[in-house]
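See below for the structure under consideration.
Per-chain numbering from 1; labels A, B and C assigned in written order.
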């Protein structure tokens, strides 16, 4: 049962992230097949790092269905992108947020199954949630979203904290997932919609920021 | 027999990629020892990722000869670069293409030996072929070649498809290698020479591309 | 005894690197929680890569104390940064150099314990010493320090050579550590103070360097 939930979440997660990668590639006008590379790296990066860190078989090698889901989502995005009413940032932010929330949960769960404590598990969730998007932004030469637009990693962290709280109350598995998922999504999309932002510290003197 | 071929391909592959990395470092005027770092990362990055993904001992730790080949190629490039008639992009593109074609084959083979199916193996070949050059470009703050100049990953993919086709026909091992190698090289260098390019999709409205 | 030294070095190393990461995040005015991400990646990146390469359990998953040390150093930096007399590059360069020297030693030692030869061990030391700072610079879109300001990787290399020399003389463990540590620190900070730099090759013709 748990394994089936996990698989469905994973297949959805890679598909959402693959679409987010393809949309950014389209937006950045990346040459030909490079779009497929960006989308694949985005979709598989976070989960691959998680499996390497936990020294488990890499998920898309052990279960090639994840690879097919990725390639299918990329091909569908390429095929249908011209029929979308208006290709803008909106789709990108939505699929990126959903992918992040799903991967966050998968990172926490795989760490817990592996016997890690909750601090390590939440760290693994944030890592899994943000890493694919981080390398996507790095290879596309964007300022990484995680550096630029908070809550992002902190939305993962909050989703992880909700998971941990519900888990420690012995709530049924599905509610841990749903609670974490909607917390992350709500914080992430809410921040974009209502302009929330998280400030930890701010420089006293604003010098010119040349990049 | 197979293991010997594999070793020779590998030693050549790392040497070619080390030269490509050193040439880019020279071109970008990278400070001192940083050139050695760039060249080493380029030479060892793709194969290291492959071994980590397949959960095999990392090749240059298990077999330090790969490390000596890398360092030797870097030192030779540094020593002889001033005697080259004209240091330009040509050498770089050539050694980069050869390195990519060799690593593509090694990625496919190591995945097949590991028992992976053909879709995973071809994905592993492309990953191994492009990853060293990708991190080289990222740390040198270049637009990654794979994003900018296609066919590149698609030349790996085509080389992998030729390997898979010959392999499924039970052709002798050496022909799989040669067929794949020359397909990749031909597509990559042909595209540079004759200006082929692969367009998957193109934006309808060209907005300003600020980077 | 050795294991205790190792643990203390490690806890110090991650704390120094976490501070360096948080300072760079502050300097670059990174949004909110992104500072924690940068600091964590800087602190844990090098050691994580080392453990993955050597196929050992990742240190902060096996021993969560490293994670607590990282988070503690980040929180302390965020809390006290406003009371520092003047936040400038000086603190950053100092903690970065100390972190690098400590990680260099830990990389060498873990490779030697793993049975690797000295060439592989020194390579592992340089990798462990520079990798955290390298990905920190990449995700902050800085020119990586290792490309820009030598001696850096070469200071690690020299520290590694001193370690190897003392080790081969059967000198007591603590002197290997101290000799390596002060060699790296002296070369790195000396180069910054007295303006030493290492030139391996220089382009004959300075063309326009567009980045």
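Just so we're on the same page, a residue touches a chain if its C-beta (ideal position, glycine included) is under 8 Å from a C-beta of that chain, and two chains touch if they have at least 3 such contacts.
If you want to know which protein each chain is, UniProt gives these names: A, B, C = Trimeric intracellular cation channel family protein.
Owing to the predicted nature of the structure, the values given are computational and were not obtained by experimental measurement.
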Same or different for chain A and chain C, when you check if over half of the residue numbers at their contact belong to both copies?
-> different
When the Cα trace of chain B is superposed on that of chain C, what is the rotation angle, expressed as a multiple of 5 degrees?
-> 120
Quick one: report the Å distance separating chain A from chain C, using the average Cα coordinate of each chain.
-> 28
Which parts of chain A, given as residue numbers and ranges, touch two or more other chains?
-> 52, 55, 138
Counting only contacts in the complex, chain C reaches chain A at residues 26, 28-38, 40, 48, 52, 55, 57-58, 60-61, 64, 67-68, 78, 81-82, 138-141
Across the complex, what residues on chain C touch chain B?
-> 52-55, 111, 116-117, 119-120, 123-124, 126, 130, 134, 138, 143-144, 146-154, 157, 197-204, 206, 209, 211
